[in-house]
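The following pair of complexes shares a single chain, chain A, combined with chain B in the former and chain C in the latter.
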Partner chain A sequence: MLHRLGILPLLVKMFIKSQMEYRGAFWLDRLAQIISYGAVLLGMWILLQKFELLGGWNWPQLALLFSFQLLAYSLGASVSFTQLRDLEELVRLGTLDALLTKPVNTWAYLIFSGLNIGYAGHIILAVPVLIWALLAAQVEWSIGNALFFAGSLLSATLVTGAVITMIGATALIWVRSNHLFAIFFGFWELTRYPLNIFPGGIQVVMLTVVPLAYISAVPVAVLLGKPVPLLGDLAAPAALLAGPLLVLLAVAHWRYALSRYQGAGG
Partner chain B sequence: MIAYAAFARSGFLTSLAYRNEVWANIFGKLVQVFARVAIWLAVYAGVTAVDGISISDMITYALLGGVVMGATRYDRIVRQVGNALKTGDVAIWLLKPVHYPLYLLAIEAGMSAYTFLLAVVPTIAIVALIYGMQPPASLLHGLMFVGFCALSFIIHFLCAAIFGVLAFWLMTVFSLEWLLQSLISLLSGLLIPFWFFPEPFGTIASHQPLAWLVYYPSAVWLGRLDMGATLLYFGIGLGWAGLLATVLALLWHRASSRITVQGG
Partner chain C sequence: MTALIEARGVSKRFRQHKRFPGLLGALKTLVTTEYTEVAAVSDVSFDIAAGEAVGYLGPNGAGKSTMIKMMTGILVPSAGTLSVLGRTPHQERMANARQIGVVFGQRSQLWWDLPVVDSFTLHQRIYDIPAARYADNLKRFSDLLDLTPFLDRAVRQLSLGQRMRAEIVMSLLHDPKILFLDEPTIGLDVVAKDAVRRFLAEINRERGVTIILTTHDLQDIETICPRLIMVDHSQLIFDGELGRLRAALGSARRLTLEFATDPGPLPLGTATLTSDEGLLKHYLLEREDVSLVQVLSEVGSERGLKDVALHEPDIEEVIRTFYQRRNAAAAAQ
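For the complex of A and B:
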């Protein structure tokens, strides 16, 4: 077993090497992503210069929400998004059949052979903004709060990875799954804003069926001591438990989808 | 000309083949338009007007942004041009008696028409029924809005195609797509109209070509420009479109002639 897992660091090393073959293009892509997310942040700043508050949240608090979401998303998506988005193509062409015969866990092979270091750009932008926002938003620090911050960031990362994995795995049953990502990203954009500004229906969906509220709005609201719609006092434990629970659900879903896989390629 | 009409029809029918994606897109767009309206309701928070702009104006502005930007996809155009140039597939088109950029324009027009009719119109109608939407300021403003929408589509296409052709030199479609995304999100007026920008940035932003994507069509509908200014800015927009078309033609000429030198 350990011998088989030993292959994973090698897969990661090979993939990073292949990515770094075109170093100039790689960093140009990262720069473009930083500018793109920076433009969204600048848009928020312009809005807050004019209106001061958005749903009761001021500029540093919204910057904290934005950076927490970007960091959790990039960490979770680096071990899920591009790999599982491409799963659809592997199923369609029949390439997945070859992966299934390898003496290594299919999920682990898929994820680690395509570990996306391209999210470096997201992280380079998110970390300094997060540090500035944590200081500027005047979070009341205590040991409990610090532990909650670390735990909820980990949980948010797990939520991202688990939800993307579940969407991608659907390709094993339906062959096509990429249209579900369009819905995912529709909701994902909402996670840059406080949950309380949205209509009740969207709040319910984001806390249950598409549980993306746990990647930013819920944990950051708890950290800032703001009320969380519908969850109330349960918000803190929900933010911490959402990640591990969704990972268990994603594991079950992946296994079920793999058991239903019949192949679609020639 | 008949060939380009056939390409446009083909674009429309190709979209028809992927109905699941269209439904998913409708849902995705619906969520985004709801979100944009929710953001404006939240920032206004009980205030009736800011700088002479009412919350009802802003809800209409958010919905109109969905109308003019909902159908055309810059990422699809950038990727198509960029990949065709990078892989050399474009060589096949150079052999045919059609002009490749015009072929792309026709295909995109067909695909956009499909998305507009089946995704954008229902989405906007649903949100408008819930939150309410103002009619155009006058019949003339309404007619000019249609003209501005056509201009918006042309400028949108030209900018995306220029970014796509640049991939020939930069060898990365990915970063060009992201750069254009950042420019559109901030400088088209999609998220925030320029009247809320601090000066002089508002004035600068309202004179660059991307302003014609969302800001001017919506401002005309709302009657923020009188008829003289409407016609003036329509003319300036046409000027920008002409300039962008010239830039695209020049870049395309250089890229396609270099492909001939490189061979297959």
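For the complex of A and C:
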């Protein structure tokens, strides 16, 4: 099985080579991404000039929240989003059938043959903002804190990939999954803000059914020593465990969905 | 002879939400918990031995592709047992995949934006094909299907015929024991169809690759497949040699006799007169055991016979007769 992994870098190479067939469009797309996310950040800055605090969070703290969320999302989504969003199309056109006749893990093939280098734009914006915010927000650094930062970023990345995988896999059963992605992005936009500014019902949803609070609000609040609604002292372990646990759930869900796959047409 | 593929009472049913007519019906469809079951394959059994070439034929929606998808491990049968190379395909999908090749006429497995050869290289890695074997197969198949001129061209720049030839070559690079083809000649022009057919017949004959092919094009079956499995409304309705289908149906040969002078009405015992144009008379040879010599000796030499033409029924005619009789029988019940 392990020698099989050697195929994955080749898949990535082939995908990048395909993308570079359209490299003009590629760089224009990246620029558009940076501008659009930059505009969101600018909006928050303007808001904070007027109100100074949002739910008890100041500008550098919110910039930390924004950049942590953007980085975790772009890392997680680069190994999942476009591939699983397009799974619906692969099912509808029957292309997935051909993939299922190959002696490779279907998920791995799908992910690595579409590894989205297009998230470079997000990362180019997120990393400098994150570094600035970590310094400006006066995080009290310790070894524990540094490990928590790295661990929770990884966990947040896994949460993103796992949730997207679970949504995408529904296309194997229902053929359509885009409506669920619309709901995902609805909640995802909320994760740019502290959890405590939302009504209790939304907080519960974002910590349980749509567990997106773990990609930003929970870990960043822990890092800043701020209280996390509902979770309290459990916030730190929850932020670290959410990723691995959701990955296990996503694997089980993927397998179940594949066993229920009925194809479309033909 | 042991069977490579064994199907025993295989069925596949799809569950669908019940659909209701009209606008109110559409709203009802959204919330209904009622299901209807659609049978795509019902109680189908057959054995396929190593080295056979089998045409799987039937009208749209008869369950051809569903059967291929079950044999390749994509779909799980609802009932019955299916064994391919001694395995249950959906349970050992990956192990099964290593020993089969699959070509979907309407779904490309090549990388659209990259040169053909890049997809082949990936295929080599996925299937662990030793370098020498790969080079050997690539050369041999490329020569046979004349692929060399466009191996380095991006797939999106190829014609449909070129692409399909490349798809078929790719599916054979790892020396599969069985090659499944789902409508491999669909949309191809006459020349490309002919090249594909001759190639498939050759690799079946020379390399002993077992071929299972679904098609609408009866010529595919005539050229490649001595054995025919026919399905209709999810059920198997015929399994055997094409010749046996002809004989069983009595799809008659047609005979045209041309005379120098009109001999008048000429009924024969060995053949049935169907139309009489005077100099040209058309007969049906309904019995398989009647030979042309017997007919000609009955006509005799003194009637001024000038020319003879015998038409074997083509496969389209055979199958049309089959479906017509079936439908007539169903209507009579």
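Here is the rule we go by: the second predicted complex is superposed on the first by the 264 of 266 C-alpha atoms of A that agree within 3 Å, B and C clash if a C-alpha of one lies under 4 Å from a C-alpha of the other, contacts with A are read in each partner's own complex, and residues count from 1 in each chain.
The rule is short, and it goes like this: a residue touches a chain if its C-beta (ideal position, glycine included) is under 8 Å from a C-beta of that chain, and two chains touch if they have at least 3 such contacts.
Note that the coordinates shown come from a computational prediction; the quantities given were computed from them, not determined experimentally.
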Query raised in the report: Is A:L53 in contact with chain B, with chain C, with both, or with neither (first, second, both, neither)?
Result: first
Query raised in the report: Does the superposition put A:L190 against chain B (first), chain C (second), both, or neither?
Result: first
Query raised in the report: Is A:L28 contacted by the first partner chain B, the second partner chain C, both or neither?
Result: first
Requested in this report: Have a look at where A:G94 lands relative to chain B and chain C in the superposition and call it first, second, both or neither.
Outcome: second
Query raised in the report: Between chain B (first) and chain C (second), which does A:A39 come into contact with in this model arrangement: first, second, both, or neither?
Result: first
Query - chain B versus chain C, judged by how many residues of chain A each one touches - result: B
Query - Partner chain(s) touched by A:Y261 [first = chain B, second = chain C, both, neither] - result: second
Query raised in the report: Which positions of chain A touch chain B when the two form their complex?
Result: 22, 25, 28-29, 31-33, 35-36, 38-40, 42-43, 46-47, 49-51, 53-55, 176, 178-180, 182-183, 185-187, 189-190, 193-194, 197-199, 202
Query raised in the report: Of all residues in chain A, which touch chain C in the complex?
Result: 3, 6-7, 10-11, 14, 17-18, 21, 93-95, 97-98, 100-104, 259, 261-263, 266
Report summary line: In the complex, the residues of chain C that touch chain A are 14, 65-66, 69, 72-76, 93-95, 97-98, 100, 102, 104, 106-109, 111-114, 118, 121-122, 125-128, 154, 182
Requested in this report: In the complex, go through chain B and note every residue touching chain A.
Outcome: 18, 20-21, 23-25, 27-32, 34-35, 38-39, 41-45, 50, 170-172, 174-179, 181-183, 185-186, 191-192, 196-198
